[in-house]
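Listed below are the structures to be examined.
In the two complexes below, subunit A is the common chain; its partner is subunit B in one and subunit C in the other.
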Partner chain A sequence: MRDNRSTRFAFQLGAVVLALGIATLALLAAGAQPIQAYRNIILGAVGSWDVAANVLVSWVPLLLATSGLLVTFTVGLWNIGIEGQITLGAIFTTWALRSLQSSAMDPALVIILAVLAGMAGGALWAMFAGALKTFGGVNEIFGGLGLNFVATALNLWLIFGPWKRPGVASMSGTLPFERALWMPIAAGSSRLTPMTLIIAVIAILAVYAMIEGTYFGLRLKAVGKNQKSAYILGIPTWQHMMSSFAICGVFAGLAGAVQVTSVYHRLIPSISSGYGYMGLMVAMLVGYKASIAAPVALFFAALNVGSIQLPIVMKLDSSLAGVLQGTLVLFVILGQGARGRLLKKAKVRT
Partner chain B sequence: MRNVSRIFLMLLIAVVVGSAAFAQSAPPAAGSNLTIGLVMVGPYNDHGWSQANYDGIQYVLAKVPGTKLVYIDKANSADRPGTTVSQLGESLVAQGAKLVVFSSDDMTDEAIKFAQDHKDIFVVLTSGSQQWKDGKDYKPLPNMINVMGRMEYMKMVAGVAAAMTTKTGKIGFLGPLINDETRRLAASAYLGAKYAWVNYLKKDAKDLQFKVTWIGFWFNIPGVTSDPTQVADDFFNTGFDVVISGIDTTEAVAEAAKYQAQGKTVWAVPYDYAKAIDEGKGVSLGVPYFNWGPAYSAVVTSAMKGTWKSHWEWNAPDWKNINNPDTSAVGFKKGTLSKAASDGVDTFVGELGKGLNLWKGPLNTQDGKPYLKAGTVATDQQVWYLPQLLEGMQGQSVSK
Partner chain C sequence: MHVELRKIAKCFGALRANDAITLTVPASTILGILGENGAGKSTLMKIFSGFYSPDSGEILLDGKAVRISSPADAIRQGIGMLHQDPLDFPPLRVLDDFILGRRGGLIPNRRGAAKEFKELALRFDFSIDPDVYVDTLTVGERQQLEILRLLWLGARVLILDEPTTGISLPQKEKLFATLKKLAAEGMTIIFVSHKLEDVEALCTQAAVLRQGVLVGEMLPPFQTKDLIEMMFGKEVPLAPKLKLEPGKSVLAAKHIALDGIRLQIKGVDLEVRAGEVIGLAGMEGSGQALFLGACAGLAQPTEGSFCLDEDEHDMTGRSHHDFRREGVAYLPAARLEQALVAGLSLTEHFILSEGMKGLFIDRRKSEELAASRIALYNIKGRPDSAVESLSGGNQQRALLALMRSPLKLILVEHPTRGLDIESTIYVWGKLKERCAQGTAIVFISADLDEVLQYSDRVMVFFAGRVSPPLDSGKLSVEELGRLIGGKGWEALQGATEHA
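And now, the complex of A and B:
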């Protein structure tokens, strides 16, 4: 077997077919018509301008999270703590909006400052995970998980405590901000904000350019490939790891800021919406390559939004989207492993 | 030329006035066919609040010809991450819904956003008060109606059943989150319990212990709320032998059944849904429940006939028969009650029907300050916006 584009494609196609097969079996087990279910998901994602806009709304924070993760993956770090970084981004954004909402400042400037605060919040939380890894010897997976719990607890405490609605602690979150403090919504849409789309596109392009086209990106790759060798070659490894955490945190914080300023318009308990974990799946699925992250993230967002049709139209649970996403990632990784083994065997024979 | 200018001016005035009138009016009559969209906060079959709402719409489908239903349940950010409630409402509109019921107070922000964004859709926000002109949160929206039942009465009945049953004199109230609604419902249960304790059992009010523990939401969200199973266990393990549930799910009954199977004499009172009484035979004293069918039928019919008018309604029970499915907005189904307790409940319901009002002074709030002076009857505003629990109740009054 040869390692070329067609074999890679064949393995990826096989993974997609297997994932669809598992999802189809799950549908059949639930007594549902698979074709009808897939049709409903597609219609629910692209059947009208409104639902397509919802897909884009979901795509923005997912792509931002993925963009950040591509940077940490480049240096070989599993930034599981991204969920907490999104949450901290949302908290810092909310804090800035609350602090400035009564000021005489132009609302547009308030939004910009709030978004910047969110980016700072995300970066700060990521740097904690980085510091735990670099200076405390705590694996970033465990450190990140712990920080996720702390971020969730902090978020809940703020919503049910200091930032609660007057007299009410509500799961629906803090009081919504005035419309003037919402990101401007596109005409004809209930929630699509063109500005966030631009931000997401710039983010993934910037990450691509940084990793593929800069000396800094090259050094990140070197650290990711072999930390010891990179160090011997004079690359300051821990500084690059901390930098990658900080950059990822900035993007995660931005995702949190988007959730507050353009999706929920307030801080809610599950403000990260699981986009961090989903971003991990997207990053793994694209083989940590920024060039194809955007369309794959769009596909995941479409699955998420489209699957809402399942309970409405077919009385099925919408978690099928999660089954499909999870199995897809699993089979792609399995495929990569299997391909690697087969290639090794082929090499040994020759 | 002057004529042309005049016609232009009149046309301009007509357009401006017409637009203003359109902006201020309800959507046009839906006609003989109407698809109803229902957004539920929990599962449609939760044996609690969501199922009571679901059954209410099923009643509409049976009684109002030409109606259809599309629904989405578990409409909360924990179960459906990344979605918003208004987005889910729009998904129902895409399936043909012309009237959308947002069936939880927790959906208020999103329901308002939806009503503002979709002026051509009829919106029902259950348990809210935004269309109450005399309310604190009045926000005129021509396409919105608020519907609520006067559950306070049935919580009082639950309190009577609990007081007539308890052997330890310790009644627990498993509360959801703290807001105006939940405070007044917990307080109503306490008022009923105290009334029965003092007037029927002739005991000293000081010997009645009534404790409220809030879990943080209407149902358990692991890692976010307190676990209602744990809270119910805490009550039963500390001498509280009756737990009145104020949450949407049936953990109190399940735990009471578990403890009774272990030989403990404990009881529970479920909430929201009439058939929740079937869950814990032998431990359920009865269930105060909502009967949404008649109110939903009325608002749906008004949308179809073009008589829709934005308003807030707080519907009372039918005192002739509180369990009449066609006329009573709230009811109480009796469960495992002793003869004395059952008689006490019947007597109390009779007294309420004849005008007994427990929201009458002298009543103090939990901090000891006067809430109602002697002889003063609380207004709807005073009851709806109860600022604290009442004196004599244990538990948190305001979220800290």
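And now, the complex of A and C:
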């Protein structure tokens, strides 16, 4: 076997086919018609302008999370704490909105300040994980996971405690903000805010430019590929790890801020909506390359939104999207491993 | 057990690590295997203990040809290996560590094992408490534990790889007594070492490997001179060296003490002058790499101080990056592990090491830089070649090309290890160019000819002892070899004591 584009593509195609196969088996086991289910997913994602807009609404936080994760993956870190960082971004944004909503300030300015507060919140939470790793010797996966639980608990406490709705606290979150504090919604849509689309596109472009074009990005790559050598080459290693945590936290916080200011308009218990974990899957699927992250994230968002149709139309659970996404990632990574082994064998033989 | 190795051969790429080695070791023999680093001792023992499979050759136990497919298979056939770094489980209790590796049964018979452990320990007069954790034991006690474990698992051949490094003198004496006792009971012992005195004190037979070949065998009484000659080859006359006038002081190491994982050194003094070349000689792991790293700020001394320049600029406790800024370059031996980043191109390495400033990478400038360095250092590779695709010689050239100018001091581990003769001459040519510009060089080498050929002064490291800098013009390969093997230290003035 040779190492070239076509074998790589063949392995990726094989992964997609296998993932579809597993999902089909799951559908058959549930007693559903697979073709009909896939049709419903596709229609649910692109069948009308309104559902397509929903796909974009879910694409934005997913792409923001993925952008941040590409930075931490570049430096060789597994920032699983991104869920908590998104949550903290949402909490900080809500806090800023609550503090400023009754002031005389221009609502546009209030929104901008709230988004900045969210970015700071995400960065702060990420730096905790970074500090635990750098100064406490706590693996970032364990630290991040722990901080995720703390963030969830903090969020629930706020929703059911200090920030509860007048009267009785509820799982549906805090009292919605006034319309003036929403990000402007596109005409003819119920949720799509063009501004967030622009933010997400700028974010992924900025990350791409940073990793591929700047000295800082090159140093991150060097640290990620070989910390010891990078140090001997004169690169301050832990400082670069901390910076990448902070940058990822900024993007995660931004995703949380978008969830509050343009999707839910309030703080809800599951404010991160699993976009952090999904972002990890997207980043793995694209092989940590920023260039193809946007379309893959769009595909994942489409699967999520499309599968919402399943319970409505076919009385199936919508978690089929998760099955498809998870198996796809597994098979792609498995394919990479298998390909590597075959290449090694082919090399030994020659 | 009677052991026979017949025409064992093993290649790693182009390197012949073992070239048709044939050895016969009768039962009750204590065989010492001598040889310098890279001679093939470890490869041979790893083949014998099932870590590697040989390319060709046979292993016979008690006259029967056997195939050893894994270390677990080796111990089932009675071959036990005691590794240089004990392969035990520090977070476990001694008894659990002892039981591990025993086959059969779902639930270990702890009480029975404890009884047998105590009996075995008593037999060899070892006092290890089976209920303490392994990480509370000394290296010597961990070795004793490993020996007991291997015996319990039924070892009838015991291989020991450099067992006397890092253990105290009484422990060494106890180890030797144990080994002699075991041999008297019919056990076959293979003792891999570079310490001549240990081999002379213990072994009943010696074999010397050099460059993958068995060059000689000897029975006691051992002739030290002959053993050294077999290990290092015949003395070659050296070209007379041009003596440079010593320049200004660039590095002063005063009374340095260092704590390594397996050994300590203390009281090391060295003053390096501009344009001077200092060779650090010794078997691998004798403390020279530790000392060189400390000169680069990569390890911090527990005592003493490092000063740079004539004005005695104190650098003690400063980081490697501070040393780097002061003009100290460090070139490690593990090129792809510690010096180069696999996956990045040559151009990217030059960008990183030059510390180019700004936000966006200046592609044109960096490609020009890479192209000029590649031409200047004659590297066979393109600017966009990934470093791991280069040959060892070209990787070493790339390391030299990555050094900045001007430099006060170059610290280099094994500058020519694994290089062909052309690259070797090239590398030293480039290093000598730096010397002519006033840069001092401190290097480690296992090649005694290289040490004597290129250094002005030599420091010898042996098991934590360090010689004062010796004039290389007054040293012969044989004298150096004796010192490296731990002989003739009494006559040295100013050598440090065992730490």
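Operating definition for what follows: the second predicted complex is superposed on the first by the 350 of 350 C-alpha atoms of A that agree within 3 Å, B and C clash if a C-alpha of one lies under 4 Å from a C-alpha of the other, contacts with A are read in each partner's own complex, and residues count from 1 in each chain.
Methods note: contacts are C-beta pairs under 8 Å (C-beta built on N, C-alpha and C of every residue); 3 or more make two chains touch, one makes a residue touch a chain.
Remember, it's a predicted structure, so these values are computed and weren't measured experimentally.
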Superposition on subunit A - do subunit B and subunit C clash or fit: fit
Touching partner for A:P184 - first (subunit B), second (subunit C), both, neither: neither
Partner chain(s) touched by A:P236 [first = subunit B, second = subunit C, both, neither]: second
Contacts of A:V313 with subunit B and subunit C, given as first, second, both or neither: first
Broader residue contact with subunit A after superposition on the shared chain, subunit B or subunit C: B
Contacts of A:R219 with subunit B and subunit C, given as first, second, both or neither: second
Partner chain in contact with A:K228 - subunit B first, subunit C second, else both or neither: second
Touched partner set for A:G340, first subunit B, second subunit C, both or neither: neither
Nearest-approach distance, in Å, of subunit C Cα atoms to those of subunit B in the combined model: 34
Subunit A residues contacted in one complex by subunit B, in the other by subunit C: none
Residues of subunit A that touch subunit C when the two form their complex: 209, 213-216, 218-219, 221-222, 225-226, 228-236
Subunit A-touching residues of subunit B, taken from the complex the two chains share: 70-74, 76-78, 80-84, 86-88, 90-92, 94-95, 106-110, 113, 117, 177-180, 216-218, 221, 223-225, 387, 398-400
Residue numbers on subunit C that touch subunit A, as the complex places them: 320-321, 324, 330, 332, 336-344, 348-349, 351-353, 355-361, 402
Of all residues in subunit A, those that touch subunit B in their complex: 44, 47-48, 50-51, 54, 58, 152, 156, 160-161, 164, 167-172, 176, 190-191, 263-264, 266, 268-270, 273-275, 304-305, 308-309, 311-313, 318
